[in-house]
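Pasting the structures in now, so scroll down.
Two complexes, one shared chain (subunit A), two partners (subunit B, subunit C).
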Partner chain A sequence: MSAGTLAAPRQSGWAWLLPAIGLTLLLSALHLSTGARPTPLPVLFDALTTFDPADFDQRILLSLRLPRLCAALLSGAAIGLAGLLLQSLLRNPLAEPHILGFNAGASLAVVIATALPVALQPVGLARPLLAALGGALVFSAVFALSSAGRLGLTMAKLTFCGIALSALASALVSAILILDQETLEAVRFWLVGDLAGAAWREVNAALAPTALAASATLMIAPRLDAMALGDASATGLGVPVRTTRLIGLGAAALLSGVAVSTVGPIGFVGLIVPGLAFRLAGGRHLPALALSAIGGATLLVAADLVARSLIASHEIATGIMTALVGAPVFLAIVARRVK
Partner chain B sequence: MTAGTKVVDEAILEAQALTAGYGANTVLHDVSLLVPEQRLTVLAGPNGSGKSTFLSLLSRVLKPTRGAVLLDGRAMVALPTRQIARSLGLLPQAPLVPEGISVYDLVSRGRYPHQGLLRQWSDADENAVEKALAATSLAPLAGRTVDSLSGGQRQRAFIAMTLAQETPVILLDEPTTFLDLRYQNEVMDLIGSLTHDHGRTVVAVLHDLNAALQYADRIVFLKAGRIHTVVEDLEACTEALIGDVFETAVTRLTHPVTGKPAFLTIPSGKAAAV
Partner chain C sequence: MMAAAYRRFRLGPVSLRVNARRTALCIALALLLVALAFAALATGSGEAGLADALAFLTRPVETGHSTVGDLRAPRVAMALACGAMLGLSGAALQTLTRNGLADPGLLGVREGASLAVITLMLSSPSAPLLLRPFAGMAGGLIVALVAMVIARSLARLRFILVGIGLSWFLSAVISMILITADIDSVQAAMVWMAGSLSGTQPDMLPPAFACLFVGSSLLVLTMRAAEISLLGETAAIGLGMRVVRFRMTAIAASVLMTAAAVSCAGSLGFVGLLAPHLSRFLVGGGQAALLAGSAILGAGLVLIADTIGRTLFAPVQIPAGIVLSVLGVVLLAVLLWQRRNQI
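Here is the complex of A and B:
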């Protein structure tokens, strides 16, 4: 057999990358031009090349729609990466930031911070980091609880503990909001996952932690390929398994914290996209991670587009749209994989 | 019997007074062994004798509570894990098969320790993978997915991955378990050729005593977490030795084709008659 035919299976993982990028660009353009005041695409080019502050259309684009699009792209990519990291590191197709408690923990942290006196509220970079910390704490509890007992960590135990502790954290969020009307008003839409309030401030704060977590993820991608063969095989191949798991889970916490603090706790994107991306990439992590990030961004932009245009002049929260699509996918995976 | 005291000149892997266990339960007590180069060393013994634990220690998957493992004379704990992986390959008992990956992709994952963040897929990697596929007769199946292979082919694919790692030492944990006779034979032939044709040092945990006897250069019998006997000359495998190690009555035969010893168990009702 010649080298050419052998090399073919190695490259096939990247075949879906260009179509995925094309779809993202198409949806992004559609996202920018859709709204209460439809904007033709040439206006976008003008706004980006020769910005005219007096032009009303251009101002809408740059100060309202573009930050919203960037928030969706960034958060969607972060959720896509976090979902694939969790599914690979925990070897659990149901692993996802929303189900494992990351989102509920991050929400609780953000809501507690919002309830604080204004002077103490976290600003800028502190907000996504605080959300990441909250998510990491709740997930640590989920992990510790589901590892206890004679059977150790199983797929079902991890999933159930995640759902249970997420419910607990959500109950605490509700308790705070019932007692504190002001905080409720501030986070009401954000809590179901909403992009309407996204501004440049949130996007800018999210950039550095996302870049850090994404670089860490790319760095461990080859190790994840080895770890897919089991911990013993990975050790035999020279992968520091525990360190890698720690780096990966830390990156997942950071990524979901960023997403929650930017667009709220959006569920199911991290469940639908990574599994598909992994299969399309032929089981290799580097292309799968790239596809998962692009796919997450695309799905969130699409969900936001539908949420904005389904009922004219009303907006449905984006998180509700992803849940409508995601819940059946979750049930399908449970039916197929959990015995 | 002497246990691990025989001096071997070219020991590439050495266990020094290893004690290990899981939690409070000590499974291996003070075990020392020199592994000679370019030989097939088989670890044998009854269930719970500590042979798989011993292999886990040799492959650094498990950390000993006392003692040390030396690779080429250097303590393994002091070496970077990736550097160890360039000298020592491991095929664990039940490796996972990622969904949908091809045979070629699986085998190419053996190249991990030779690659770096900046050093991408090279001709050396390509050659190693092709040689490993050829040695395991898997080249025609390179494009197939691993889940579509038979049990024997799948095990050969994992051995090919370990071969592609190009390590002088290969450790195998029960590579023939769950395989039926034909595939067992296929995999044992391949393991035999790793030492004799490819010059590798192989340490394998084998459940099947008779298979071990046909292929091994050296058998280390473990019992209750200690080395019972190290056999260099298979003629030393007597009925008394095997009966004592496995605590069951056996009768010794000579394999009519290979001329090597083989053992049959004796049903307990008939043991008195022998």
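Here is the complex of A and C:
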């Protein structure tokens, strides 16, 4: 093996980064300027440099569209990272927070909390934390159930367990919503993954946990390359397999929790992006993680853009758009990879 | 040993081998089902009780217009028909795919039928109710065909995963339709989708029972082929079975019954998964016992779920589909646990 063959994929891995960032910027600009009241981009520059509270256009941009864009970028990047982490750690192309029951658990937790008497309802930061906690609980149950048996975590078992526990959680959610009309009104849009309510408060709250999880991910990124060779080889190469897996799964849960609490249960982004990013990065984890984060952000912004502008008078929830694209990707992976 | 348990019945040119113990078990289960149906007629949030139920059964013409006759009887009958149809179609699908995890709900057939019915409900609210089963059937059949084309094989796990992917896609389409529609029709559609029998119309009973009759006859006619197909595709072809014809018949029968049940009562999940497994556990035996047991137990499950749903939190009604999901997931977890070394 010469140095040239080793260097080539590394270069091509990072080479996709610039076009990806360019695409993100382009879509973000488009996202900011489209809407019920089209705003030209110069207004954004004015708003950022010389903010004039009396200008209606500038206020729309800064208090409605910019937080929504930031929420989409942040959550998209978080889901992209979480998806790649899960797929690498579990060696399973179908591993994705939504499929593994995270979103259903988060929905159940939020719906239960909303149905409680007013005095007990979570305020402010408690709701995102609760969503993350509910998701993580179902997530761990799925892992525990599907790790049983001689073959360990297989693709089919993981998918089935995820689906079974998601079905249970969604049945309970429907039961609560049918019994309690007020809760239905309160969470109807959040449940399908809607960015319309995103505000600065949520984005700010999400920053710290995202940074923490992202740095943990960066720390274990080099070890992931070795772990792709199999647990035995990785142990032979001196990688602490168990610790790495624990850190990685913890980071993935935290990232999914951040995403769920900021933009609601949005599925399938983590299925579409990481596989593509991994291939474009030439099978290396560090560039793949960067590409996956950027790709997730781009996809979520694009989905939100389409959801807002497809039917002018109605806003289709973003989660529905990602499911429309993601389910065919799931089908393609299953048709090719499952026996 | 085994042969001793069978008795031979002869009726003109037809002769049947019948297992005495299993037949007795099935008859006992059927009697239990009748008792349950009677109990369901006599309970509810209204005034009507045991005496009214008895009066309705003995003099149906005079007492036709009462709580029992107008409200409970059609509902109980619909629960029985839908449950039997779903149980039968689950049994047929599990035999066909040779996979105990197959369920009409997991294969996307349910979502396909739901999508067709919802489109019909929202696009032309004045369309006659009788059109719904046909719309549902068309939708379900198309989805089943697409799943077969993508998976290329029925007997593999891939078929089920493909069905799951399709059902996700279709439910996204359904949510998109529901979000863009106005809130009044959405609430009705949501109750319908959650699998509620509360809106049962007496007009829907004849088509439901007709579908049950056609579907179960098809399955009974292909019973022996089904038994052989369990040996695997190669063995079945080697034994001279027309595999493709059998598969098409069985799939048509189960899609017909699933779509009819969905259009009459909405999404009643997991009956098709629960009933055949319960039947294997309680009755055992070959295809004949499986079909009979699944039909009876499926009807019983839906009846119990619906009765619990309408009495537990009365006057608020929990759709039977939700009660069934909770029961079904527990069973699915047990099944996965049993197969933990295989999949």
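Note that in this section the second predicted complex is superposed on the first by the 317 of 339 C-alpha atoms of A that agree within 3 Å, B and C clash if a C-alpha of one lies under 4 Å from a C-alpha of the other, contacts with A are read in each partner's own complex, and residues count from 1 in each chain.
Keep in mind that, in the parts below, contacts are C-beta pairs under 8 Å (C-beta built on N, C-alpha and C of every residue); 3 or more make two chains touch, one makes a residue touch a chain.
Here the structure is a predicted model, which means the values were calculated and not measured.
Of the two partner chains placed by superposition, only subunit C is touched by A:A175; subunit B is not. Contacts of A:I311 after superposition on the shared chain: subunit C is touched, whereas subunit B is not.
Legend: residue contacts after superposition of the two complexes on their common chain; A:L26 is shown touching neither subunit B nor subunit C. By the document's definition of touching, of the two partners only subunit C reaches A:I320; subunit B does not.
By the touch criterion defined above, A:A164 reaches subunit C but does not reach subunit B.
Put subunit B and subunit C next to each other and count what each touches on subunit A; the higher total goes to C.
In the superposition on chain A, A:R150 contacts subunit C only, with no contact to subunit B.
In the superposition on chain A, A:A232 contacts subunit B only, with no contact to subunit C. Under the contact criterion defined above, no residue of subunit A touches both subunit B in one complex and subunit C in the other.
Taken in their complex, subunit A has these residues touching subunit C: 145-146, 148-151, 154, 156-157, 159-161, 163-165, 167-168, 170-172, 174-175, 178-179, 192, 311, 314, 316-317, 320, 323-324, 326-328, 330-331, 334-335, 338-339. The touching residues of subunit C, when paired with subunit A in their complex, are 101, 106, 150-152, 156-158, 161-162, 164-166, 168-169, 171-173, 175-176, 179-180, 190-191, 194, 269, 313, 316, 318-319, 321-322, 325-326, 328-329, 332-333, 336-337, 340-343. By the touch criterion given at the top, residues 56, 59-61, 80-86, 88-102, 104-106, 108-110, 112-113, 115, 117, 121, 126, 129-130, 133, 139-140, 142-143, 162, 165, 171 of subunit B touch subunit A in their complex.
Subunit A contributes residues 1, 3, 5-10, 91, 219, 222-223, 225-226, 228-233, 235-240, 278-279, 282-284 to its touches with subunit B in the complex.
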